[in-house]
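We call the chains A, B, C, D, E and F, going by the order they appear; numbering starts again at 1 in every chain.
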Amino acid sequence: MKHVVVRNIPRGPQEAIAELATHGVATVHEAMGRTGLMAPYMRPIYPGASIAGTAVTALVAPGDNWMLHAAIEQCRPDDILVVGVMSRNTDGMIGDLICTSLKTRGIKGVVIDAGCRDVRALTEMRFPVWSRAISARGTVKATLGNVNLPVVCAGVNVNPGDAIVADDDGVVVVPRLEIAGTLELARQRTEKEEKSRQRYLAGELSLDVVNMRAGLQAAGLVYVDNANEI
Amino acid sequence: MKHVVVRNIPRGPQEAIAELATHGVATVHEAMGRTGLMAPYMRPIYPGASIAGTAVTALVAPGDNWMLHAAIEQCRPDDILVVGVMSRNTDGMIGDLICTSLKTRGIKGVVIDAGCRDVRALTEMRFPVWSRAISARGTVKATLGNVNLPVVCAGVNVNPGDAIVADDDGVVVVPRLEIAGTLELARQRTEKEEKSRQRYLAGELSLDVVNMRAGLQAAGLVYVDNANEI
Amino acid sequence: MKHVVVRNIPRGPQEAIAELATHGVATVHEAMGRTGLMAPYMRPIYPGASIAGTAVTALVAPGDNWMLHAAIEQCRPDDILVVGVMSRNTDGMIGDLICTSLKTRGIKGVVIDAGCRDVRALTEMRFPVWSRAISARGTVKATLGNVNLPVVCAGVNVNPGDAIVADDDGVVVVPRLEIAGTLELARQRTEKEEKSRQRYLAGELSLDVVNMRAGLQAAGLVYVDNANEI
Amino acid sequence: MKHVVVRNIPRGPQEAIAELATHGVATVHEAMGRTGLMAPYMRPIYPGASIAGTAVTALVAPGDNWMLHAAIEQCRPDDILVVGVMSRNTDGMIGDLICTSLKTRGIKGVVIDAGCRDVRALTEMRFPVWSRAISARGTVKATLGNVNLPVVCAGVNVNPGDAIVADDDGVVVVPRLEIAGTLELARQRTEKEEKSRQRYLAGELSLDVVNMRAGLQAAGLVYVDNANEI
Amino acid sequence: MKHVVVRNIPRGPQEAIAELATHGVATVHEAMGRTGLMAPYMRPIYPGASIAGTAVTALVAPGDNWMLHAAIEQCRPDDILVVGVMSRNTDGMIGDLICTSLKTRGIKGVVIDAGCRDVRALTEMRFPVWSRAISARGTVKATLGNVNLPVVCAGVNVNPGDAIVADDDGVVVVPRLEIAGTLELARQRTEKEEKSRQRYLAGELSLDVVNMRAGLQAAGLVYVDNANEI
Amino acid sequence: MKHVVVRNIPRGPQEAIAELATHGVATVHEAMGRTGLMAPYMRPIYPGASIAGTAVTALVAPGDNWMLHAAIEQCRPDDILVVGVMSRNTDGMIGDLICTSLKTRGIKGVVIDAGCRDVRALTEMRFPVWSRAISARGTVKATLGNVNLPVVCAGVNVNPGDAIVADDDGVVVVPRLEIAGTLELARQRTEKEEKSRQRYLAGELSLDVVNMRAGLQAAGLVYVDNANEI
């Protein structure tokens, strides 16, 4: 493994990234052709958080948060720290001190494939973390990893500089060069969904709004009046 | 597999069903002789929801919510949509559009052995869903299942027309023909528990309230003053 | 297995134990040299609870809460009931009646390596429970275990009389004879962290506050300006 | 819960059931339209076992195998004992004594949604068990369940009298009235697969054997010579 | 945490310990009143191994096997190395080199609540390991733990000097002072089971051999001839 | 998502790749600085298989193996088919027909982050598969994915053309451009381990062979003669 910290990473347009957050993780994930979504075990430590920013990546050893300290220095305002772990681990690698530092420096949040602690303090300071566990378990500082190399986090390969969108539905990764295109598709989807919503509120059925009846029939779906007709 | 939608299902007395909700899942489950409870991984997307209604059932393929659209049409006011999946899956099959449609039509909630998305919007519109996961993962519409045939959901066999009771403690299924009897037993249990509660509030011990001392002694339980007497 | 209830257990100084709660689980766990923490699947049934007290222990069979009733009688004000199970089980062994009794008698809370039910009622009465699951599943009263013998709960061996500290970050066990020493170290740690917090709020980096740069360099960490320099 | 033992259950034609085993679980499951398969955590205690027979069902409490003894009496030669549990449990409910009795009486095997023990002895006597765990954990005999009522086992609803087919790929349930039809479809599928196998052995591609190229193209699949053409 | 290696531990009578292995884990666990069994995720790396010996204990950090090297020196012939981990971890802490050393020195096997690697080589040299996972993941040597202090391994508290019995059914721990008593009860149980086995082989039912009919009836079990009588 | 099949991928030197297999997964993983190892839930369907080859990658939808058929055509002799899935799924996507085709065409094996079926037939034909589950569950052919784009499989990002090494210890991925360097380091490690093995066989301790005593002492490890000295 290369024990490297990369100082400069490309960053996408923050205005576009910020707008992705307004469309939400589900819509952005659909706009990307249903790709880029992290595993659903990644949960926010409190409900209602919704952020988008540029990924600064770190790879750490299980039970060891040494590299996170090197990563903090590489974060700029509006970044999101994304942490992968060498093997499955739930130790509390992120807590109130690290998050105080991150928040002070303008970082928007953390996405970590391990544990988070001090969740009450983080909730009170409104600094959001998406993690696979909440655990007070402390970590050591003994093993090197790297910062700003590609890292797999919760099943998705994240390149430093990719956009991260996170809310109550989970975390999605948008490759840097696809941000603009994804935003355009997300806008279209949001607009289209709003029109559909009005029809559903008026009592219409999705079978009609999305025009599914013919397809279901063609596939062989049969309607019967009662179970004993089967 | 039969690819069928059954249009007419029997429904129990909604007044009795609604009263089941006031007794709560734990009490109803006890009143049924400790049967009918779904696995505890089924959790509400927000705390405080408490509903009861008639089960409209659907069986879907993993990653595919096509049949849910056929199922919506079969739901009537006060129904609850119960969704089983052909193999373990956490994809977000239910979101704000489907739930807007369901809510508009008077359906009380959804119980799904898969994932749910748009949970913030659903929370704001107070439309409750019990699911095994929260996930933004989108689904396709390609594979048929069925609607209103018996389905296993979270370990319990649900027949269309059964009563569903769901709250913060989980989800319980009451076979349609047992609704009246279960309600009567639930009332008795609630009444009895209220009496016990007063005695506990007065400082009495369950050993005495439920009269357990003789049984424990007969089974061989020994009291010692200190651990070194063992 | 010995089917015994031990009536008298040693208890630590409640004033010191209560102060442990103010430092929090993460700090107490660190003060103990990173030991004593239960597995992170132990979660509070509602956020914000924070308690510390003396462990009264019980060992129960899966699906059977008989011994809990014997345990209640052994609890005194400021105690915490700690429940281990003979094999993995999530049934709802603790509910509103038992907790009403415990609360009436001054017990601070419950830590149970099984399920909890009636969580809405418990939340309303502000009686905190840390459990591995929420489940309405009822239990029987048929098999003996024991009360106030050592018990493994969520991966930690708990002796009756040990101090328990529990909050949003999890549950930690402090051996009775280590309470005073742990408290002193926790105070020092809290004080030190407060000083560090001020430096982070002023924008300093942990690399400098904790003086990590030399160690990282000595271990072989290399900084490059761009990824293509690797 | 009804605490009942049903003495007489319908049984399907054993000759047809036995032939189902020769087609294997995967083929039978396909012949049923991809239904009836238990969850994949159900594994045989040794490789190579392959059985089919009639389900005698039992429902037991977690950690309690009392009802299995009542169930043994209801088993006849060529039956398979199918055991569901009231809540998730891995205790070793089945061991060499029970299996000695079952084997002596001509029962073909056991399918249990809990644990199995004495696996070395069972392997030596070639009595196959499919279980969710191997565990020496002993059980009590204190709580009633029932025998020969429908039971959910590993996610599938099993009616007494259904056919069970089990091999290295898992366990599938064939409703009694569908045995003949399923067997006919299984034969057709086996025959068809044998023809396909010959073509694959001759080097043909499934794209051609199953004629998939047009469908893939119609769905939008694009072939490029190199990744940089994307 | 105390970073200590204890050089001298008490050991039980090896002859008696060895005889425990002949009775097997399930019988020994029963003889102990159904206590001392590790969680069923502990599995042998190959079938057929059956050992008993004295526990030398080690506590290690996740992803770090440093203390195992200190532990090897404390092992004597007929010992079994028992390894607990500070938080859940599956890394391959034990491999062919460590096991070559252990085997050369007469140690009987390893029980580790983490991962094992080089399983093919270990299988060929017939050195048995019970572990929670098989994983090639390498570990570091950076964090201290301890050797020969009590350790929780797979849910059981193990004191150095306790007897360990391990076979295809799992791993059980016998406290050192209970070895003689447990052996006596195991002998009685084995003898009694052998008598029962003969009766089962002769076709008798456990309902009669263990005399359960009256108890089942007293508890309320009802027999009906057909399901429609319920 | 791009629905693309890439026809031409770079391949590394097969001779070097084949030699990687002789060093084994654990050694190759160490030679890569402890990177590239898939999650330990990936297990071979039978013991003793050991292969190395070039990765042809495929991404499939849960419960849908359509793209595997497109992938087979892109495989050449000595390749290994590596399959990622869009969300967690255990369905049996690979069986005897597909594997007959793959084996006939000279492919060495399959690594799939989903299920495998027909395992008895595959074992008899000695065609190895590493999978996260064994399941007879059939799949549909309805949703496009892609072939020979980078894919995350069991937590590791795999590029088409990377080398795959798989044996009883798991699966490791070697980036194509690191094959030669990794092989050289693996040779050195194997040679060094062989020397160490001889010393262990002669009774030496790893504390001395790897020279760890000074480091342990410097880190603060204390030796005591008996536990009561602590």
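As a working rule, contacts are C-beta pairs under 8 Å (C-beta built on N, C-alpha and C of every residue); 3 or more make two chains touch, one makes a residue touch a chain.
If you're wondering where the values come from, they're calculated on a predicted model, not measured in any experiment.
Between subunit B and subunit F, the least number of touch steps comes to 1.
Which listed pair repeats D-E comes down to matching contact pairs by residue number; over half match for A-B among B-F, A-B or C-E.
The geometric centre of subunit A is 42 Å away from that of subunit E, both derived from CA atoms. The distance from the centre of subunit B to the centre of subunit C, each centre being the mean of the chain's C-alpha atoms, comes to 30 Å. For subunit C, residues touching at least two other chains, in rising order: 2, 34, 37, 86-88, 90, 135, 137.
All chain pairs that count as touching, in label order, are A-B, A-C, A-E, A-F, B-C, B-D, B-F, C-D, C-E, D-E, D-F, E-F. Residue ranges of subunit B in contact with subunit A, taken from their complex: 2-9, 46, 66, 69-70, 72-73, 90, 92, 95-98, 100-101, 104-105, 115, 117-120, 123, 133-138, 141, 144, 148-149, 160.
Residues 24-26, 29-30, 34, 37, 40, 43, 47-48, 50, 167-170, 172, 193, 196-197, 200-207, 210, 212, 215-216, 219-227, 230 of subunit D are the ones touching subunit F in the complex. Within the complex formed with subunit A, the residues of subunit F that make contact are 1-2, 32-35, 37, 39, 86-88, 150, 152, 155-157. Within the complex formed with subunit F, the residues of subunit B that make contact are 61-64, 86-91, 135, 137, 140, 142-143.
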